[in-house]
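Okay, got some structures for you below.
What follows is chain A paired twice: with chain B in the first complex and chain C in the second.
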Partner chain A sequence: MNTLWIILTGALVAASCGFLGCFLILRRMAMLGDAISHAVLPGIVLAFLVSGSRDTLPMLIGAMVAGLLTVFLIQSLHQSGVKTDAAIGVTFTALFSIGVVLVSLYTQQVDLDLDCVLYGEIAYVPWDTWQWGTMDMGPRAVWLIGGVFLLSLLTVGLFYKEIKLCSFDPAMAAAVGIPVLFFHYLLMGLVSLATVASFESVGAILVVAMLVVPAATAYLLTDRLPVMLFLSMGAGILSAGGGYLLATWLDSSIAGAMTAVAGLLFLLSFVFSPRYGLVAKALARRRFRYE
Partner chain B sequence: MKGISNASPLTVHDLTVAYQKKPVLRNVSLTIPEGKLIGIIGPNGAGKSTLIKAIQGLVPVASGQTQIYGKPYKQQRKLVGYVPQRETVDWDFPTNALDVVLMGRYGKLGWFRRPGKHDRQLSLQCLQKVGMSDYADRQISQLSGGQQQRVFLARALAQEAQLYFMDEPFAGVDAATEKAIIQLLTELKVQQKTVLVVHHDLQTVEEYFDWVIMLNRRIIAAGPTQEVFTTENLHKTYGGRLQHLGAVLSSSPDAVLPEEEPL
Partner chain C sequence: MNVWMSLQDPNTQWVLFGCMLLGLSGGVLGSFAFLRGRSLMGDALAHAALPGVCLVYLLTGSKSVGLFLIGAAIAGLVATTCITAITRHTRIKEDTALAITLSVFFGIGIVLLTFIQHSPTGNQSGLDKFLFGQAASLVSGDVTQMIIVSIVLLSITTLLFKEFTLLTFDPGYGRGLGFPMGLLDSLLMLMLLTAVVIGLQAVGVVLMAAMLIAPAVTARYWTDRLSSMVILAGLFGALSGMLGTLFSTQVENLPTGPMIVLAATCFFLFSLLFSPRRGLLFRLLRFLRLRKTILEEDVLCALYEWFELSPAHFLKGCSPESLMEKSGKPLRTLRRALLALQRKGMVDYRKSGGEQPGWIFTAAGLQHAHQLILNQRLWDLYWMNEQQYQALSIDPNKGDFVGQLVPEQLAPILRDLDSYGLTPKLSAIPHPVITRIDQKRKGVSV
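What follows is the complex of A and B.
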């Protein structure tokens, strides 16, 4: 049973991050995901300090506020003439460092382990259960990331055509009256939520891999956005399952193994993708030469 | 059609646009007649693209008003079609030609509704009009530059607008695409639509456009092509940069262009 919970948590983390990551990649904002995943740290710490507990809700709110603040700061810096990559670099390191300082200052008051924040520990997930009245509802992490996953699916499902147009052609989207900036913040808000919900399981560093790698894998395999969205979730789920097996076999970190499998899947599609893979390209060149 | 009164398709009153304090457009005022093909010409940095973006509220405006058929743009979005510069989007986006044309329907559909059968049929017709019906299922990165431009035009057609803004549709396209665009413009004119085209090639201005707006941060001249497309106005618009003016006006093929096409 515990095995199942761990794999389910990993799969939900990978699927929601992969799904949202597609839009990050398509808007060439993969590094913004990186920034958000680090910059939510001070939000979480402040939420701990204010609420004095490890309750889910204050944590989510703290992370969301910090994530949106990151996006806002990057946007503002960029608009006043700082290059995007520099703006991202400055903003998230500044916020992350505040988080690190806060953790080290209040380490007595808050039961928050920096190692856990950075690397996560998915193996503990099954024991941290949610008690509803007297009932044991199963691991808290599953509910949390599951909720975020459903919320992401619902949001993108409802606003699919708006989000697609904002990603492909923001100028046209603005011209027909779609609030481009609102959707930008909406997506980044979801990324912040997914990040914080994935935090305890895979940690701040590997969450970036989950945001970028499955989506990049899916991008190589298809020319259709809906297919890409499904493939990214599939690649994520496969990484979670395969990663767990790998970790038990090697007796290593589960989150690390999941990411390694995600990387392996990317490598496979990079080499063998039917249209964009190295093999397909080499074959096409060869055909061309002989004709 | 709903929302159309006797008012002019587009009036611009005292429009000023500034990027970081430096004015790009200064005190631009215009009244555009209905059913004309209108070229917007001027040197690089004259604010041609900025003008059509400012009218559609895509760049912040320092002062001034614009009206589409007598009302503010925000109330009249559905009457306006837009063809942005081809380079502004990522053509590696995972989608096909028909899907891009369908995006032209999004404005009319409103929230939560998905494009239906009617929208698909209309979009296919629009692709046909630009000679691209064979490429409906083609991934957009697999299209040539000219074909991509035609997909963009088809998307604007799918918007079923009354007033069109096109940002350099002729830039870097092949002969077939150029012909397709001209055919399309002629058809739009027959349907009494008004089309504003940002244009670079001075040699073809007289051939393509009934009306011309000559712009260099302010309006130099605007009116029927025969009246305002004169040596004197070209000098005023392009300053010393235009050296082969006589050649341009006589449409000689070896006339030297006053500027490089931006890549």
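What follows is the complex of A and C.
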């Protein structure tokens, strides 16, 4: 049963992140996941200092606020003429530093282990259950991440047309009257939500990986956005399952193993993708030469 | 404990010196990375070092810093190769390639780390300290290492500065000249990697990325020349290193690495706001001034054209209401512009006996408006018959039309303008009445 819960959590994280990651890749903001997962630290510490407890809700709110602040800062820096990559780099490192300074200054009051906050352990998921009345509803993380997954599915489903247009041709989208900036923030809000909801239970590294790697795998396999979305979710779920097996075999970190398997899947599609893979390209070149 | 006291401590001196060197080389190399759009490369390389460090420990079982550096460097090299391969052979963009490499390498590193932890002989303590950095624990040996590496990096940069400039701005041209651009690119990456690996033990993974980005972005605000940008970036980096270290010695429990990054961020924010050419404040001021100038010119032109239509009112003046109708601007904006123009001596408010008072031109104002209108109409004519005037080789990005031509070239165009009936109708030579009013006004004001 515990195995099932762990794999389910991993698969839910993989699905919701992979799904949103497709849009990040298309907008060339792949490093945003990495940035958010680091920049939420001051939010978490402040939430902890204010509420004085280690409940999920205040921390989640603090992290969410910090995540949105990151997105906002990056966007405003970009608009005032800083290149996107530099804007991302400056913002998240500064926020992360503030977080580390806060932790060090209030180290007496803060019973926070950095490793614990940023590198949560998916293996503990089944024991942190949600009691509703007297009923045991199963692990809290599953409910949390499942909820985020449904929310993002719903939002993207409702505004699919608009989000698609904003991702591929923002100028055209603005010209036909779609509020591009609103959809940008909506999508980035979903990304921060997914990041924040996931990393507490599964660790930041898995979130960052799941945001880009399955989406990139899917990007190499298809040219159509709907297909890419489903492929990316599939690749994510496959890496969650495979990663669990690898981790039990090696007796190592489950999140790390899931990331490694996702990397392996990407490597496979990098080499064998029917249209964009190395093999296919080499074959096409050879055929071309014979003609 | 005051600053001077803590400076007496030899240990602090080593840390201070080490951090300054780190900032210096980070700033210099970061400038090239920033200009090539690879600011986050440092972040990726720093994360990718983890599996290298773990593998070295698994293979040798020792925890020597030198071996760790070699392991980190090899892992970084593999990561660089992966990033280049992904961007070269697929349609995946560089940022995604960076993110993939970063997360997968770090994931593998975590797997190895926990594998070491769970293996019977393993003891991973110290491995993660290496990655998260502890500047305060730098000793003279580490700093000597840093000095040597920094000197090597800086001298290579100085020697190959011309080539790196070429690589940064126009690699295609460099290849045409016969420079080995691929090799230079790899060399630059290798130098970046060396700086990252050296910095890891001082400030850690995340903050090393900042040392490469923040000083370079800051320097970009103050100059347009690569040579001065590189020097400035090195200076900002070294200053941040110094300030961060000094701050952290003053307060207990304040970590050095994050303080250095925060110092660098403060420099960045200051430049973002107050840099004279690109800073937000001065850009806003320039924008406001430009808007004011354009408004005033618009009002002058509108006044001129109104008088053109009703020359009988030339000496009586134009009421703000009719000007509003002509220019389509709100009355308040119009009044503000007219008052500003009056202060400049371009227009005047005339109360002629019994009649409604109105705005008239002064001699200078009429001349200026005539120039503006002529220029505007000549541009209209130019854009209408662009083919016809191609031989004149006019630069359409310049505002001034008349000034770009000699009188012989201008004469036929003025004839064309006349044939359209667009010649400005009010002479630029001041009307005697206006001259008299001007003189009277000056006499009164003096």
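As a convention for this text, the second predicted complex is superposed on the first by the 282 of 291 C-alpha atoms of A that agree within 3 Å, B and C clash if a C-alpha of one lies under 4 Å from a C-alpha of the other, contacts with A are read in each partner's own complex, and residues count from 1 in each chain.
To be clear about the criterion, a contact is a pair of C-beta atoms (placed from the backbone, for glycine too) under 8 Å apart; a residue touches a chain by one contact, two chains touch by 3 or more.
Model, not experiment: these values are computed from the prediction.
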{"item": "Chain C versus chain B on the shared chain A, clash or fit after superposition", "value": "clash"}
{"item": "A:Y219 touches, of chain B and chain C: first, second, both or neither?", "value": "both"}
{"item": "First (chain B), second (chain C), both or neither touched by A:M64", "value": "neither"}
{"item": "Which superposed partner A:R28 touches (first chain B, second chain C, both, neither)", "value": "both"}
{"item": "Which of chain B and chain C A:L20 touches, first, second, both or neither", "value": "neither"}
{"item": "Chain B versus chain C as contact partner of A:K281, first or second or both or neither", "value": "second"}
{"item": "Touched partner set for A:F168, first chain B, second chain C, both or neither", "value": "first"}
{"item": "Comparison of chain B and chain C by chain A residues contacted", "value": "C"}
{"item": "A:I6 touches, of chain B and chain C: first, second, both or neither?", "value": "neither"}
{"item": "When the two complexes are fitted on chain A, the stretch of chain C hitting chain B, from 43-51, 151-159 or 385-393", "value": "385-393"}
{"item": "Overlap of the chain B and chain C footprints on chain A, listed as residue numbers", "value": "28, 81, 219"}
{"item": "In the complex, chain A residues that touch chain C", "value": "25, 28-31, 33-34, 38, 77, 80-83, 85-86, 88-90, 92-94, 96-98, 100-101, 104-105, 107, 115, 119, 205-206, 208-209, 211-213, 216, 219-220, 246-247, 250-253, 255-260, 262-263, 266, 270, 276, 278, 281"}
{"item": "Partner chain B, residues of chain A touching it in the complex", "value": "26, 28, 81, 158, 160-162, 164-165, 167-169, 171-172, 174-178, 219, 222-225, 227-228"}
{"item": "Complex contacts: residues of chain B adjacent to chain A", "value": "20, 53, 56-58, 74, 77, 80, 82, 84, 88-90, 93-96, 100, 103, 106-107, 109, 111-112, 114-115, 139, 155, 159"}
{"item": "Chain C residues touching chain A - in the complex, by the definition given at the top", "value": "34, 37-40, 43, 86, 89-93, 95-96, 98-100, 102-104, 106-115, 118, 128, 206-207, 209-210, 212-214, 216-217, 251, 253-255, 257-259, 261-262, 265, 268, 272, 278, 280"}
